[in-house]
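Scroll down for the structure; my scribbles are underneath it.
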């Protein structure tokens, strides 16, 4: 059964990485039209190195994604706690309200935000982008952390409180560490959501400030060149290395370790 | 000094060489913001007063922008290069409102027929020719598609009276339709992969496909005619640097700029006859944007809201029919 | 947005706002939308179903067949593809799926005589693209549920004579239900409104509620109608979840 | 030293009424054992006192002060959960030091305290283990250590020794008793072990069907059970049902004398006699003033220090006779015997 | 009827050696109790026999057939887990019927079986509850019902009655014993309750430090413990250390006689005497051939049916004397007394 499971996992990974491999391969292909067979070249990396706006957009994306994932995870975790542990009026309404940001295409949400921020005077800019990204990422966090929370035993918090923990301390000392795998997962997803978020950045960025997805989507009308693949490949490579280092150092979700 | 331009990405105004040259000439640096669809452009103008100094507007939208008070009239007399503008374009009806010209005619192009080399065609009827089953790519755009339908049924592409008939001819294409493209990039990739042989395409993009990607494309204006469009550059009412903006407008129809742009990157046709004439006679761009096509074109004109909605509904319905 | 949906036309400064409920009558006035909606729901169901079919076993395998460091690495590897641009991923899929693409190539390499395959511009292509884009959500949420299952629960089942399939159906599946449900929400809901994958991978098939709504916003500049359609869609989605959670809650673990 | 008082506490789950207006006082500094059948609401009562669940009605008083609405973490109760509820992500050491840190005790002082209680529960050397790496009994001892290290005002123990072997259990009992005496801790102790309850407690309370049916000092409650339930629940008992006659209780096969005050003649009564109070008369032995009952041995159950003889009762039921295994017994199943017991040990029950 | 044999099983966690070449045979159709201190490896041994963990070395034989590599679900063992391990998402009914369904028993037949065992564990009416809605003892009974309903070949019980009150426990013991006798089930039973072990078992095995230190019939093992550990772990014992002299063991304060075979004179020996074997000599009573020891009472511990007198031992340690509470005892702490016990009850221990 274990062997079967591992094989299945491997097959799943192959599926997940199939287009990613193509993407990386195309970064080394001379043809910008993704034609086969591949003519190997480093051309696009050179082009990339000279493309200042693209690089700075990538930097912006990363920074916003980092900030978003941290803020959204913090807020979302607390919201999830409130939704799953306490009962209060309007709770189910709140739960339902989580869905629209996921359900409504981003385009619409983006437009709405643009108009909303315009009317309320928040305006555009990095702060507006951040607010927008966080707003979009929170439902994901709430759902993911909520899943983890449902599997948590309630008596542990009780035990902590009987030992003198305030609910807040009990949360940090007991609930949070046990939720760590969920929270880390939520963080990684919030990061992904923000990183790939186009519409909101696009509507809310001030001219001259751009993010990677904005660069990609706006250039699609004419055609994006494999520099995009190149930067994605570099980005993936770097994250993969970081991930490995992180996994080596940390003990992510270690409390659930068996054997 | 700095001005901000609102445009499609990669559409002339942001060519690095041009910005450099312009800055050297005038000391003005140019920043960009981009839009992805025309309504979006209007939205951006509305919600960011003061942010933009130059905006690219498809002349079909000029009157709408003007009616909302988003753009200023342009005094062509103050733009040196404007003297050589093609007369038909310079004062095109689309740009006019209460007697003033609300934008500088900049570029024009066609949405017409593109086929794989070796296929000969001179009529839009090829779109429903059973020989090309599953070989057709349509442009996912209501105005263009309705326009083709209008041409096929002999109606005015800007104001067809018999929408039902158009629906019918478009639906008849179903067996041929393979995909609906929405970007040049997608078109190129799919064409390169032999996913289709026949399509509607943009004239400027066709130039780039042939010249840069060496794709075997043949661009044809069929006997029924084609859809033409005229892009203009305008100055938003809210701009605070209108003088600098006008300088930029002037530069954008400068023949030297156009020459480099058209040759290096590939551009649609310039509204400036002077600029067009500078291109070598056998230049691909000139080949495709033949001046004698102009009469065969129906230029996209301003559409009232309800008609635009009708077009859109029609196109959605046709697409839904394709998908069934 | 809700406010928009009751407007007659998009809000433009200087134009009076006219309120109407017409936008909500869109379905009645445009019967073809029923077909589109049905396609969207089918896409949603297929995608969610396949994600569950792949994601749940993968999550269980991850939670139970791996341990320690390798598990952490695998876990992160599953999320990593998500850190690339969605559009680029979709275009990469076109590479894989089209005639003469990677899949075709690989097939011919294995079976030279095979007819050429082209999945691109078809319903399966849309599904493949969407499953790829949303699978990690399912794996993740199910994984969170799966790690919480006590070893002894499974041991107990085994000692009572349960073979692997029974353990899966009777123990793992119900206990992973919370994860399966949140995963399904995270997938079904956005998939119904997706437009990128259907457009690029589906060819002429790719007309969904997502693309229709997008068109209202970009091409037609009819925000009110787009918003109304979105809300109608949302209502349908909520209704589906209300019904299915009734059905599921009967079987789901009550934590 | 504060006492705990519960005043007409009720609690139900759905239609099930688990506690039904329970009122009692756990005296300050006393050690009270709570006994009752499985599912009788012992855990529920403890959880209500600790503040883990709210009662449907009634009040809880700590030292006269109403704490019904007071939050859990302010009640300063120590609790050993029936399910242990150890923090799975913390080591044994961290589990135990948790409560000390909450009280602001840190550093060397806290470490010393932890070392001391861990030694007390015989877990020195296990500091760095995670709960999952411990045996059941070890986990239970961590739970105990964690609850007592904070020196709470009230100690609630929900079967805290159930997973321990007898020796360890005795050690823990002695420690618990010592701590409780030294710090005058009001302790409520749920146990299923009768001997434990009788040995350790100042007071024993018996819970049944959501009510406290009897409470009192161990000797009282054991020697003078009021009801049939109390008699048979705490310790074993043989019951004789009969009618009152002038000089005793008429049963099938004779008359039983009792030194209890007699109700009116003719009324139906039940008398209880504990197995250890009965003895087997040696052949020809004079019973003196004792009750006698002639019967036969059905079975002998050996239990180490003692054996139980099962004899045939008047209505065919079993009579149990406890016998200390000082010497190997000479009787064997099937043998006819005569039982004898003192009228003083014949307890008349209510109803 | 198949027996279970374990052959030099070892198991370690990290550097900790939990089981150290344990070899023993659990005879077919016998009821064996496994006793041992907390953490001695009882659960681990049970889990290895059941196939839940693999031993580091050694083999498991079921009826002579090697099952070491055989998958869990093919071993047909029934197990009651110390932690119950109920299926949290299933009702009581579904938990119990699970194993039957696995055996292909469905429909009415299965339902009847479930109803029967639920009645046996006194849980009729609880069918539709989820485990979370049950008290500790109720959960434990569901675990028991789930394990026995399938009529396994081998029944492994890890403290299956620890959360039950005495009455319920006795009922369950009787049921277990009946089932086991009727179906000749080989049963291995871990318990901390001595009486339970001695009463129920055909064989008792004592585990300590990863090894089985003694096994045998209850009477044998209780009356003739081989080591000091065995003597004190199973039941209580008083130890006397001294040197062999010609006629007995010389201790502080006298000589103790024993009827055990005597090792060479002059060697150091330890003798054990169980508390219930000792009696208090009445003033002027003749001890006959018994050992006597004059001392004083330190404490009296009342435990209902019996009391324990704690007296002062030769080296200052405690001597425990068990006394059945037939009548209220006349002695009191501080009183000088003389203890007497038979030489036959003075057990010489190895080492």
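So that you can tell them apart, the chains are marked A, B, C, D and E in the order they are listed, and the count of residues begins at 1 in each.
Everything below uses one rule, namely that a contact is a pair of C-beta atoms (placed from the backbone, for glycine too) under 8 Å apart; a residue touches a chain by one contact, two chains touch by 3 or more.
Composition by chain, UniProt nomenclature: A, C = ABC transporter permease; D, E = ABC transporter ATP-binding protein.
The structure presented is a predicted model; accordingly, all values stated were derived computationally and were not measured.
For the pair subunit C (ABC transporter permease) and subunit D, chains touching both partners: A, E.
Common neighbours of subunit A (ABC transporter permease) and subunit D, by the contact definition above: there are none. Relative orientation of subunit D and subunit E, expressed as the C-alpha superposition rotation angle, is 180° to the nearest 5. Relative to the C-alpha centre of subunit E, the farthest chain centre belongs to B. Rounded to whole angstrom units, the spacing between the C-alpha centres of subunit C (ABC transporter permease) and subunit E is 57.
Between the CA-based centres of subunit A (ABC transporter permease) and subunit C (ABC transporter permease) the separation comes to 17 Å, rounded to the whole angstrom. One inter-chain figure worth recording: subunit B and subunit D are separated by 91 Å, centre to centre, where each centre is the mean of the chain's CA atoms.
Averaging Cα coordinates per chain places subunit B and subunit C (ABC transporter permease) 36 Å apart. Shared interface positions of subunit D, defined as residues touching 2 or more other chains, are 83. In subunit C (ABC transporter permease), the residues that touch at least two other chains are 91, 94, 100-101, 217-218, 255. Subunit B has residues 36, 186, 189, 193 in contact with two or more other chains.
Pairwise chain contacts present here: A-B, A-C, A-D, B-C, C-E, D-E [touch as defined]. Taken together, the subunit B residues at the contact with subunit A (ABC transporter permease) in this complex read 4, 6, 8-11, 31-36, 43, 47-48, 51-52, 183-186, 188-189, 192-193, 205, 208, 213, 215. Residues 36-40, 42, 46, 68-69, 140-142, 174, 177-180, 182, 186, 189-190, 193-195, 305, 308-309, 312-313, 315-317, 319-324 of subunit B are the ones that touch subunit C (ABC transporter permease) when the two sit in their complex. If you check the complex, the residues on subunit A (ABC transporter permease) that touch subunit B are 31-35, 111, 114-115, 118, 124, 202, 205-208, 214, 217-224. Listed in rising order, the residues of subunit D touching subunit A (ABC transporter permease) in the complex are 50-52, 71-73, 75-79, 81, 83, 85-89, 98-99, 102-103, 146, 150.
Put simply, subunit C (ABC transporter permease) touches subunit E in their complex at residues 150, 152-153, 155-163, 166, 170-171, 174-175, 177, 252-255.
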